[in-house]
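One chain, subunit A, appears in both complexes that follow, with subunit B as partner in the first and subunit C in the second.
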Partner chain A sequence: MLIIALAGADSVEAINALIAGSFGGTIAIARTLTFLLPLTLVALGWIVAFSSRRINVGFEGQILMGGVAAAWAGIYLAPHIPFPLQLPFAVLIAVVAGGLYAAIAALLWAWRGVNEIISTLMLNFIATGIVAWLVAGPMQEPTHQFPNSPPVVPSALWPHLLPNSTLTWDVLLAPILVAFTWFVMNRTAAGFLLRLTGSNERAARFAGVSTRLVTVMSLAASGALAGLAGSSLILGAGTGKLAAQFSAGFGFDGIVVALVARNNPLAVLPAAVLFAALRSGSGLMEARAGVSSQLVFITQGLVILLVAGSAFLFEQMALD
Partner chain B sequence: MASDLLLEMRGITKAFPGVVANRDIDLAVKPGEVHGLLGENGAGKTTLMKILYGLVQPDQGSIAVRGNPVVIASPRDALRLGIGMVHQHFMLVPDMTVAENIALGLREGRTPLTRLGTVSKRIEALSKQYGFNLEPDDVVGSLSLGRRQRTEILKLLYRGADLLILDEPTAVLTPTESNELFSVLRLLGWQGRSTIFITHKLDELIAVADRCTVLRDGKVVGSLAKAEMDQRAMARMMVGRDVVLRVPRLTLLPGDPVLEATHLSLTAAGRPVLYNLTFAVREREVLGVAGVDGNGQQELVEVLAGLVKPTAGGFTVHGSAAVIPADRHGDAIALSMTLSDNLVMTDIAKGRFRRRGLVRGDEVHRHGRRLLTEYDIRAPHLKVRASAMSGGNQQKVVLARSLYRQPRLLIAAQPTRGLDVGAIEYVYQKILDHKRAGGGTLLISTELDEILSLSDRVAVMVSGRLVAILDIHDVDLEKLGLLMAGVVQGPEPAAAS
Partner chain C sequence: MGPFDAFWLATTLQLASPLIFAASGEMMAERAGILNIGLEGMMLVGAFAAYWVTLVTGNPWLGVLAGLGGGLLLAALMAVLSVQLRSDQIVVGVGLNILALGVTNFAFRQFLGGNQALIHRFSPLSFPVLSNIPVVGDALFRQIPLVDLGFVAALLAWFVLYRTRLGLSLRAAGELPAAADTAGSSVSVLRWVGTLVAGALAGVGGSFLSISLGIFVQGMTGGRGFLAIAAVIFGRWRPLGTVLACLLFGGVDALQLSLQGRPAVPREVWLVALVPLVIVALRTSSWRAPSRQSRRMLVFALVALAGLAFFLFPPSVSLPSQLWTTAPYVLSLVVMAGAIGRHGMPSALSIPYRRDRVE
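Our next item is the complex of A and B:
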């Protein structure tokens, strides 16, 4: 509020616009929910990798590679396979692509000790380059006029959940995958070994765990979740075409969601709703109150600081 | 009368939610006295010292320093009153020199710049005065743990402390370094400076303390003068019952070998750390490996546990094996996970308690309950975090999960490090039970008493070599000490085994 006022605008009006833009009416809510899935998936991906104390900052790249795979399957493969299999197949290929792309960084870490923060970050640039080249070359639409691919076969797209909105059925994957991630981490043997590796790597090795394998798998699973997010950006809410930069920063905003959720999968959903709303409402706020949508980024930053600060306070209180 | 005392704490009471940590505690320290503070884990020693150091405020009670009543609200207040504390984990910056570390936080003169030159001169003087053998320009990270500890002590002396609190100071020291520390404390005593010495180790206390106060369950159970100190009596006061410090010798007829190592060698970073080790552990026997810390013991455990591949030679385990690593927090316990998780982590890694990829929660729970009773692990429930448990209870968790399946081979490295008398006795009993049940044990320890009371044969490790493997009847403390120091060469290991 103070910041909006400092920026010289009517703060009440701005907040109203932000809320109206994110929750005011069916269309606004639908748009907000459209952002929910990629944010949720990336946040879960961060949590899975961080459970083995690895830091994946390559979600942008993994989203892009997942999207490329989904688009390729939806454009070139779908016409040759029966209708009910087209969408599942495209989604599956995207998941595998995202996982394999993250596995590059994971294996470099396991075999050569390459720091995964650096490698995943660098792989983002490579993925951006690959997509830019694809949409201007091998996968460009037939007229060679626009920097995007031809559209995906309509039958391979997610069906709309609400008429006249961008919202598609894939949004239901968000709560499902939150529950699934929580279940895998807390109820399966694989999740147990993952938490053990993250909690005390040496104790895990003394217990006979191949911590290297566990870590590689956690990074690959993290990338697979991002790959799934990529498939949704192509086959779900989007235009159904592959275009440069379609990842739209979800790969980093999702990390913020995970941090706000304090790495708890169950808290990811509410945190993702908050950030989806900020993303969704910023346009209207800019139009109505004349507040730059950049201010939303400042708000996001403030939220992170407050969460980090409160975490620190709680720890201090726990110590006393 | 009261002014004869350097410190007098009266009626100190402190309650935390659910537990009274200190109940009506009196503690008096005379100038120049080395005052031992003895008690099991959780007896209230740490809380009492935190109160004295201003980290915790008492609910009731008073503190007087040199006869004047005082309120100690922070460590800064404590230091102003001449009270300084050396924590178990040193508070030093490894990349800085001794002088820089000591100058940290000092406010001398009016300039914002610290006068390192002046500090260095005083350090040299103090170091010479107490025989510390510290150079102001040495980088702390390059010093041995013993010297780092002296740097901590010097830091407090520099700030004019005349009451030092040492929290388990010998835990990180070699026997020689411990003896040097004791002479320093005596020297300080002659100059009128007092020490409060917190420890579990009775023999050390008897060697160095002028008086000692024993705590149990947050209360003072006794205060003994030097002449009254007696290991057995002190142990009984501490745990409230008789403790078998020396377990009765149990000699059984050894059976087939369960572990055979032949010419086992390991080179790490181009340096040989294990050299040509040949030994065997048989059923119903304990082979003790004695040696000063850092002579290859940790590497030996890592090789035998399968974490590291030997560069030459090999070993065979006949049957199942379980490992108790030396570094409890580093290698054995996942502190952020629950008690239940820690009890089953080895099993789940090996494929037990699973069905179709899922952890069988009900069975894990039943198993956990059973181990809690069987191994006397004290915890409110199974979901308590391992970090909230005492060291003794954590070690019981490691023991329980290692022994419940009755492995043929037990590799126990420093199984009693940091434990109090009651818990040590418990570990000894469990190792003997394992032997009685027909298992073989490789006991790796730097505590010579432990080696001598439990082993049937003793191997001495120096610089990654086994310099001797002797029958227990052929060794005594002195001989062992000389072998460990590398002064005497033992008979060829091959001949003895």
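Our next item is the complex of A and C:
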């Protein structure tokens, strides 16, 4: 609010436009929901990696690689496989690609002690370069006019959930994966090892847990979730074509969602709705009230800082 | 002209200089125990503040000062959160980066209308005599003054860290904060100092980017803050090592720029690329080998043979420009993998200090 006022715009009108752009009418709600899945998946990915006390900031790159794999499968492979298998196959390949891309950073960490924050970030830039090259080279559409790939075979795309909207069936994966992640982390042996490793690495090691393996697996799983998000950005609501920068910052927004959810998988969904609405409504806010959509970045940065700072207050309250 | 000509040398210095500023600052912060992931954001704010002030005043020196101030402001926020409130430094850093991106993009569009007006730039500063040295004179001694200042900053960082009481206390705050505390220095103040130095230098490094180009581009730091952090790690948290790592990154960046326009990778590049390979090969073979000497010789001979082969029959490799652009990032991964272990890392890095919880 304060920032909007500083920008010299009518803050009431700006907020109204933000709400109208995100929840006003079926189309706006559908658009908001399209943003839900990638945000949810990345947030879950952060939580899975953070459970073993590793910081994955390479979701952008993992999304890109997942999207590349999905697009490749959907364009070149799909015509050769029977219809009902096309979509699941493309999604599966994307999940594997995202996981493998994160595994590079995980293995560098395990074998060479390379700080995973830096390596995952570097891998983002490398992935951006690779996609820019693919859409201008090997995977460019046949006329070589536009920097994007040919469209994915229509039968390999997610079907639309609502007519006349961008929303596709893959959005249902969001609640399913939230439940799944919660279940795996809290009700299975693998989840127990993960939490044990994260909360007390030494104790886990003395108990005979291969903490390195657990950590590598958690980072790979984190990347796999981002890869799935990437596949949805290609096969779901998007244009069905691979283009540079299609990850559109979801890789960082999802981290904010996870922090707001305080690393609790079950709280991810409401937090993701909030940030999906912010993203969805900011366009209309810019158009109507003249407030730059960049405000969303500022808000997100402030939210992260507030959440990080408030941890201190929670700690104090716990002591008292 | 070969790939390693005087132009390459000059470009190397220009590309390394922002990294040298930022990395020297980051090294100070990390030696004091603060892992400042927000370096990228501090550079970005510095770049924007410098552009804006130079645009208004027409004086690039005031711009650099503004860049320094912008970096300081963000660093103060970092210090409040990570030193006073003892928040997770990494999370705070990630937040600062996003905040900086938002604030600069927002202000650029809202207040400057996203315009691309060229600002006043520095003119090169030539050292008398030295700049007349043939071939390398112009490249080394006729650069804009900020390039020279970068090396001065790095030298100062070394002097403060290793030749002053403050530096000793700073290093103590990063190695064993309880000891610094016992000796009567305030760990909080020391960490504040380290963080502020990092912010100020990152701000200057950022202002280098916008002022040397004459324009501001949204998100123009493009990962240089993270490269600077990688340089600190590769330089093993030491001033000289950090500067050398920055020069390495700058050199590779300059090289990939010139290789983008070439049909194939020239043989000199293969030869030079072999040097780090030899070093890594020697290092990895030196431990756990039963008879060190013979094993080393074998590895060395193999690598040398491969190098000779590449030199005599350079494989005709050419990469598209989009992939060349990723070279510095790939390199940073490789060098971090080559820098074995965490030897040299400040022991208390990224661990908040609590007086009441000393172990």
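Just so we're on the same page, the second predicted complex is superposed on the first by the 310 of 320 C-alpha atoms of A that agree within 3 Å, B and C clash if a C-alpha of one lies under 4 Å from a C-alpha of the other, contacts with A are read in each partner's own complex, and residues count from 1 in each chain.
What we mean here is this: contacts are C-beta pairs under 8 Å (C-beta built on N, C-alpha and C of every residue); 3 or more make two chains touch, one makes a residue touch a chain.
This structure is a prediction, so every number in the text was calculated from the model and none was measured.
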### Task
Quick one: on subunit A, after the overlay, do subunit B and subunit C clash, or do they fit? Just give me the call.
clash
#### Entry: Partner, of subunit C and subunit B, that touches more residues belonging to subunit A
C
### Task
Considering only the touch criterion stated at the top, classify A:Phe297 as touching first (subunit B), second (subunit C), both, or neither.
second
### Touched partner set for A:Leu278, first subunit B, second subunit C, both or neither
neither
### Message
Looking at A:Arg187 after the superposition, I want to know if it touches subunit B, subunit C, both of them or none. Which is it: first, second, both, neither?
### Response
first
### Query
Between subunit B (first) and subunit C (second), which, if any, makes contact with A:Val48: first, second, both or neither?
neither
### Query
Where does A:Asn200 make contact in the superposed view: on subunit B (first), on subunit C (second), on both, or on neither?
first
### Message
Just checking: does A:Val95 make contact with subunit B only, subunit C only, both, or neither of them? Give me first, second, both or neither.
### Response
neither
### Message
After the superposition on A, what does A:Val209 contact: first (subunit B), second (subunit C), both or neither?
### Response
first
### Task
Please pick the stretch of subunit C from 56-64, 128-136, 182-190 or 290-298 that overlaps subunit B when the two structures are superposed.
182-190
### Task
Quick one: which bits of subunit A touch subunit B in the complex? Just the residue numbers, please.
187-190, 192-193, 195-196, 199-200, 202-209
### Query
What does subunit C use to touch subunit A in their complex?
37, 77, 81, 85-88, 90-92, 94-103, 105-106, 109-110, 222-223, 226, 229-230, 233, 320, 322-323, 325-326, 329-330, 332-333, 336-342
### Query
Can you list the subunit A residues touching subunit C in their complex?
3, 7, 55, 57, 108, 111-115, 117-119, 121-126, 128-130, 132-133, 136-137, 252, 255-256, 259, 292, 294-305, 307-309, 311-312
### Query
In the complex of these two chains, what residues of subunit B are touching subunit A?
305-307, 323, 325, 330-337, 341, 345-346, 348-350, 354, 357-359, 361
